[in-house]
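First chain A sits with chain B, and in the next complex the same chain sits with chain C.
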Partner chain A sequence: MSDAAFELIHESDHGATVAGRSKLKDGFGRMRRNKMAMVGLVVLALIVLACAFGPFVLPFDPNQSDFDSISIPPAFAGGHIFGTDDLGRDLFARVLEGGRTSLLIGVLATIVAIVIGISYGAVAGFFGGAVDTVMMRIVDVLYSLPFLFFVIMLTMVLGRGIESILIAIGALLWLTIAVIVRGQTLSLKHKEFIEAARAGGMKPFTIVRQHIIPNTIGPVIVYASLLVPEVILGESFLSYLGLGVQEPQSSWGTLIDGGAQAMDTAPWQLIVPGLFLAATLFSLNFIADGLRDAFDPKDR
Partner chain B sequence: MATTKIAERPAAGIRPSGTILEVNDLKVEFRTDSGKVAAVNGVSFALNAGEVVGIVGESGSGKSQILMTIMGLLAKNGSGSGSVKLRGQEILGMKDDELDKLRGASMSMIFQDPMTSLNPFLRVSTQLTEVLVKHRGMGQAEAMKRAIEMLDAVSIPDAAKRIRLYPHEFSGGMRQRVMISMALLCQPSILFADEPTTALDVTVQAQILDLMKDLSADLGTTVVLVTHDLGVVASLCDRVIVLYGGRIMESGPAEDLFANPKHPYTRGLLASTPRLDEQTHGELHTIPGQPPAVAKEALGCPFEPRCEFREPRCKTVRPVIQDDGSRTVACHVVSL
Partner chain C sequence: MLRYLLRRLLVSIPTLFAIIAISFFMIRVAPGGPFDANRKATPEVMANLNKAYHLDEPLPEQFGRYLWGVLHLDFGPSFKYRDYTVSELIFRGFPISLEIGLWAMLISSTIGIFLGTLAALKQNSAWDYTVMTVGMTGIAIPTFVTAPIYQLIFGLALGWLPVAGWDGGWQHKVLPVLALSIPNIAAISRLTRGSMIESLRSNHVRTARAKGLGIRRTVTRHALLGGLLPTLAYLGPATAGIVTGSVVIERAFAIPGIGRYFVEAASNRDYTLVMGTVIFYGVLIIIANLIVDLMYSLVDPKVRYE
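Let's turn to the complex of A and B:
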């Protein structure tokens, strides 16, 4: 997500005068002038790059126990710059490995939610009538399911692990996007360009795909940028409860869980993954804020 | 204005006189919370190939709804009855699937506000080529070439570059040109224009109207122009239909009708049009009263409450349409 944003921002620099400026580019251009959002973007990019390439560079295997160096506090001397955990595994390596899981779930679940949410909402809104009523009542029913209860049920059926978390989060998070997109679609479908498309003989699904969905992207981007931290936090929360990612796999949630248990004797085990999680969430929220300012038509 | 060759077929070959669209006793009703409301009450007319017809009337006279019904674009609570035949084929009540094959290909439409008729998120090229890809089965490259030709034809300078722009990078007049080129891409036999120049300023209006006239002549397209601007009708149309309260009050060749208006409503309309060559003594003529609320269906002539020549029978008896072959008028008081 952040990488794509980066690319788009970069493009707007050069392509502006020649090929026409889309509203999307306009929005990203505005966002670029938002300092906090750009700082967030840089921090997030650093964390993403570290998680992506760090495990290849670090000399320690995140799952390799070293019984000579159990619970070493952070120090530059031994190479364990963030210390080790109580099984002697390098904490930095584990945090980066855990970050992969957390970020991956965050991005994947958000993409799933966006795809389902946009298609569902656009179809419900555009076709209206009975279709809309039935589709939106299904959303209401799903909305009424308590999240935690739903996750516990799913882990009982599918077993604990990333898959059940992904399914549980993905299955519930698209609801809000669907509602947002439906609302957008309702106001869009009476616009003249939709009428013009119908007058041009376009089929309903073509109109939804070609004309409705691109116009809902602005608000969806804003909401999705808020969704990524929500998902990461949700995953951490579930892993903390022991419902999510299982050992030896790590995520920021499981690391924080482990750290909390060793809080008295080895506080860095809680502080380090906590800092990474907090930095990521902060960055994402600043980016989301910047996106909202850039795409909210009222602020223009 | 149209200097580029835009017709695939020679214009001479597509100038058959003859009826291409026949509307018979068209009624349009809307279901509302307060019951059924009729917007159009039995309108009949025919369109000949290649002519430019103006439909004139004030707001709420049902002029736009006639177009929407023919195009199958009525709002969900609306329904049309009667008969609309395109080249002998009944299209009223046709399924959307089949209508989609005609819309854009045999008949197309230009809307009032060019600012909102183009999708703000898509490049103009995308919006132009999709029509050709759909109706003509053209490949992307071929469609692009044709779309650029068409933009050239509507006098958009530097069309090959401009086609890559987004709608908000065009001015209002330019966007209406784009709309016109989009509507004419597949060389439809009928072009419906719903107040195409209302949202534009006067100088641009004239250019757009000239352009439409030239293009329709080049392509042999029948143009139906819905407007409340009598000046536009006078300068552009071969034939005029005057609508009031969902009924045709008067129709006939434009020149004849403007020179010698019969129906009191037409006379009122013409008298209300400001003219440069006439002393108005400071005040503009108006037709007293309000246009009828659509809910109330009059027994007699819908214009009766505002008519200065009204007679008792106008309230109770609906006037018969007098037809002398070229002109029609529906009035008790005047005769052709």
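Let's turn to the complex of A and C:
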């Protein structure tokens, strides 16, 4: 074999492996071809950017009342493009401010749920036996609790406010992730590379951290993307009922609640925050669908 | 079958116990006591109050007393509605919530299954995309946004139906049931579509078609049976969703069901009423899941319960 030919084969054989096509990269590549998911991603990015930077750019303070412009309907003329509320506060500024709270809670509570779920599921699956049985029994019992009612009870215990909502939702939403990760762990733990790690003298917790958890990440990403809209919805639900975020802080839920009460005279106060919430949930759902198609081996 | 039923009932006992225990101890940790609102009560009065409500006993004893009460459907007195017991309030609100919930359940499963099947039969047609887009919308827009919008359109703008309130007449039921059904119609039609597509491709359906059975009979007799299993399984969680949804609906439409008592109790710190409703809801969801599992075993002969 000539040197050139050898080099060619060598490259085609190993070039790809050296470049490393990880499961993650593969999945995101497939995701990029999904139009709806990409549209969702763009819409979501716009909303997130608007909420993050809008309050610095807009000329109105979300909490500043202006009694000369009470309840004016949306119009480009006065600068209040989405109108104002009963106290003359600019609705656009308020929606962006509320969006910060809603999105922040959505992301943070999901992270809390992921961290608890992954550790719990990986430990239960990897150690197996009695540990597994007891841990999963607990999950079963928690599963059958009416989730939102326990969130409400938890917020009664912890006091109202963003932190307690975060803890309450995060503390109860990790169950499904734990079950998924446990299943993945069970199928992973007899694979050769785990045996190798064990034979090499790695400690159990290090194996879980370095070998098990990174390999369960695909399904976890998929489920986490479903979790974010669920959390945002849960927070808005609580705030709508008056049990979540409290004045002077606002979220999309509190704005919708206020809007619903003023809807006969100022329907835009309901529609604007409602549209923002719906657009966010829409795009998150499309993204979640795209991620599932990209990462779920069953549907490929 | 009977053994399975018994075992399921036994298994739900620890769950029930957990629900009661977690509620009880969580509420005890919550700040503020039931009698904080009593201004300037002398220590003797407070002591008497605590004694009357057994709050002076050690916790395990109180828990035992509460547990015993719950077994007899006695959830104690409401701390806010002074002359009522929690059970009285629950059983006053429940028939109303149940009526709305059952209607919503019936309508959403009928329409959802119908739309989902149609979408599956005409997969990738304009009809299919319409159903799926509407489905996505129904899932993504929460009831606390849609309910006021329905009130705005049908109550205020068109004036066809009352905006809110409750007198037992059908006019007051239409909008709440509609608002509660739409998300479930969406979820059920999406689910049915997915499983029906799979079921329509399966061997026994192809055989039925091959031997000359009409499309209508094939669908109703052969495809639906298999295709409805995931939908059936979803009815358990759907009940839980309707229960949660009714909390929003009852607030939006000012309906005096348990959902509204629950929300009021949670903001008034009426601890016994909160505990009572949570436990009641928990039992409801357990029963719904049990019924769904039993129905599942009747439809699917492969699922055999030991």
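Rule of thumb we're sticking to: the second predicted complex is superposed on the first by the 281 of 300 C-alpha atoms of A that agree within 3 Å, B and C clash if a C-alpha of one lies under 4 Å from a C-alpha of the other, contacts with A are read in each partner's own complex, and residues count from 1 in each chain.
To be clear about the criterion, contacts are C-beta pairs under 8 Å (C-beta built on N, C-alpha and C of every residue); 3 or more make two chains touch, one makes a residue touch a chain.
Being a predicted model, the structure only gives us computed values, none of them experimental.
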Superposition on chain A - do chain B and chain C clash or fit: fit
Partner chain(s) touched by A:203 [first = chain B, second = chain C, both, neither]: first
Touching partner for A:243 - first (chain B), second (chain C), both, neither: second
Contacts of A:259 with chain B and chain C, given as first, second, both or neither: second
Chain B versus chain C as contact partner of A:144, first or second or both or neither: second
More chain A residues in contact - chain B or chain C: C
First, second, both or neither for A:42, with chain B first and chain C second: neither
Contacts of A:214 with chain B and chain C, given as first, second, both or neither: first
Chain B versus chain C as contact partner of A:131, first or second or both or neither: neither
Partner chain in contact with A:195 - chain B first, chain C second, else both or neither: first
Nearest Cα pair across chain B and chain C, whole Å: 18
On chain A, the residue positions that both chain B and chain C contact, one per complex: none
Chain A residues touching chain B - in the complex, by the definition given at the top: 19-24, 128-129, 191-193, 195-204, 206, 210-211, 214-215, 217
Chain C contact footprint on chain A (complex, rising order): 140-142, 144-146, 148-150, 152-154, 156-157, 159, 229, 233, 236-237, 240-243, 253, 256-257, 259-260, 263-264, 267, 270-271, 274, 277-278, 281-282, 285-286
Chain B - residues contacting chain A, complex: 71, 73, 76, 96-97, 99-105, 108-109, 111-113, 116-123, 126, 130-131, 134-135, 164-166, 168-169, 179, 182-183
Touching residues (chain side chain C, partner chain A) in the complex: 12, 14-15, 18-19, 22-23, 26-27, 29-31, 136-137, 139-142, 144-145, 147-149, 151-152, 156, 240, 243-244, 247-248, 251-252, 262-263, 266-267, 269, 274, 277-278, 281-282, 285-286, 289
